[in-house]
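Report on one structure; see the data block that follows.
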Amino acid sequence: MTMIRIFVTGGTFDKTYDEIKGQLSFGETHLPEMLRLGRSHVEVGIRTLMMIDSLDMTDVDRALIVRNCQQCAESCIVITHGTDTMVDTAAALARGVAGKTVVLTGAMIPYAFGSSDGLFNLGSALSLVQVLPPGVYVAMNGRYFEWNKVRKNRETGVFEPIL
Amino acid sequence: MTMIRIFVTGGTFDKTYDEIKGQLSFGETHLPEMLRLGRSHVEVGIRTLMMIDSLDMTDVDRALIVRNCQQCAESCIVITHGTDTMVDTAAALARGVAGKTVVLTGAMIPYAFGSSDGLFNLGSALSLVQVLPPGVYVAMNGRYFEWNKVRKNRETGVFEPIL
Amino acid sequence: MTMIRIFVTGGTFDKTYDEIKGQLSFGETHLPEMLRLGRSHVEVGIRTLMMIDSLDMTDVDRALIVRNCQQCAESCIVITHGTDTMVDTAAALARGVAGKTVVLTGAMIPYAFGSSDGLFNLGSALSLVQVLPPGVYVAMNGRYFEWNKVRKNRETGVFEPIL
Amino acid sequence: MTMIRIFVTGGTFDKTYDEIKGQLSFGETHLPEMLRLGRSHVEVGIRTLMMIDSLDMTDVDRALIVRNCQQCAESCIVITHGTDTMVDTAAALARGVAGKTVVLTGAMIPYAFGSSDGLFNLGSALSLVQVLPPGVYVAMNGRYFEWNKVRKNRETGVFEPIL
């Protein structure tokens, strides 16, 4: 069985509703709960690197993500990430990480909402990372893309191939 | 983009609660709703072959599934199936279907329940079928197995490798 | 604040899905979880008297429910109950319990399903028991009925007034 | 059967997640869907008066709500409302509406989230309005309060009696 490293960076995936403030906010990651729900029996290690909206992600944050991917023992890595700058982080990873399979995924609707796409995407990313050759990929909408062949269409919210 | 054929056969995945009779029953498949929830943009064609508990599946039913996999135009096929005899159907498919990638998946909890593993498994199966080489596979619990290297542990409900 | 006694007897309300057996079954009651979800701050005491399908309820079971309602300290009582024989139990309570407000409620869909009416009915029953004068009532479908002016329509699953 | 008027004003109850903007927003009310889920068979008429956060509610908005309660044909009225200024609107209604039973309710978590208290509160409010004598009430947390005997505790999010 492949041992998979999961790095959590926040994004819509992990937004929750703060009922005192009446706003969306970040708390603890939902990853362990989601893996239980999926009855996942893949051996994974989860580490939260940051818990931010990807529009707020800086070059320093990206460097931290790259360094963690370089230095971790595992060669199969899933990263949960906000969708708005997922492709930017994928590019930074492609420049900095060699010999590992890295799959970025996220969600359009927070997992804490009943109607989230998060569980579907997590199943997708965890499966792809076990099969794809070394490289950096984005897994969204039931599809996967090499890091430099994808963009997020900001009007539809859908990840599309760059032709 | 890969065109994927989905064959529905029933199983826990698609069980619903009949509120008049107070029993579990089968109605229409939840696949289209699940693909919408997952914001899937993979091109798929869905066909319901049967809607039964896999403990009730006969050799005639399995022959029908095999024939549909042989005759369909697509070379990537996902089959939703009850977990109890999923491995038996995988074996029948391995004997009868060549040159195609077939991934069987299912659920331990009906999708209609809030706490289902179905969406996770569907994301997993739809991704694997796009990447794995021709052959017959079972995708459950975040893992995938070649058809002859897996069994369902009936006490834990978990799919395990045959060593 | 009124102190309310809740007696749990089972019924669809509390059915869960046994993922090993692939059947509906009874486990622990969902009442505490439902009250947390509803952010209820009413002071309640919960006791499980039985955990059965109301079609299996015997006269001995009903006598037990009546005795518990007679002997408990509280004068406001909510009973969760299967819908099929809810009206029969209400009649037994009307014969045996005086000077207390007893509200029976249940669900058409198990709470463990995402699409349950259970939380709506619980909010309804807990509110009615604080306001209605002594007597025995059925609270279903957003309405309430005196025990002898209601029946369940078995074809539609809806509780109707007896004219 | 009592005919009940429901006025929708927005609040957390009806917030949804805008997946393109990644923010909470207001769309159509969820009331009809919630009544279907609760299998409600109470005769109701729903009218959306506004769809706003109650922190943004002005005196002009409150005057509109009061006028609608005065002029509608029904004497039983439920109002869905943001929790932050629900008590202020209740006071305006108490000054302006006579001879009708008005119950305000809301939610701490949006209905669109799986973990909402909205369905519980709706069951509560719809039941209370059928039973309580004319007056203005707040129904939250499984309890009900006369309009001038309640406040929202902003630290805990719980509605409390004013002693």
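We just call them A, B, C and D in the order they show up, numbering each chain from 1.
Note that in this section a contact is a pair of C-beta atoms (placed from the backbone, for glycine too) under 8 Å apart; a residue touches a chain by one contact, two chains touch by 3 or more.
Computed from a prediction, not measured in an experiment: that's the story for all the values here.
Listing every chain that touches chain A and chain D alike gives an empty result.
Look at the CA centroids: the one farthest from the centroid of chain D belongs to B. Rounded to whole angstrom units, the spacing between the C-alpha centres of chain C and chain D is 26.
Averaged C-alpha coordinates give centres for chain B and chain D that are 44 Å from one another. Computed centre separation for the pair chain B/chain C is 38 angstrom, with centres defined by C-alpha atoms.
Chain A has residues 108, 114-115, 157 in contact with two or more other chains. Interface note: chains touch in the pairs A-B, A-D, B-C, C-D. By the touch criterion stated above, chain C contacts chain D in their complex at residues 1, 34-35, 37-42, 108, 114-117, 119-128, 130-132, 139-144, 157-159, 161.
The part of chain D that touches chain A in the complex is made up of residues 12, 17, 19-20, 22-24, 53, 84, 108-110, 112-115, 154-157.
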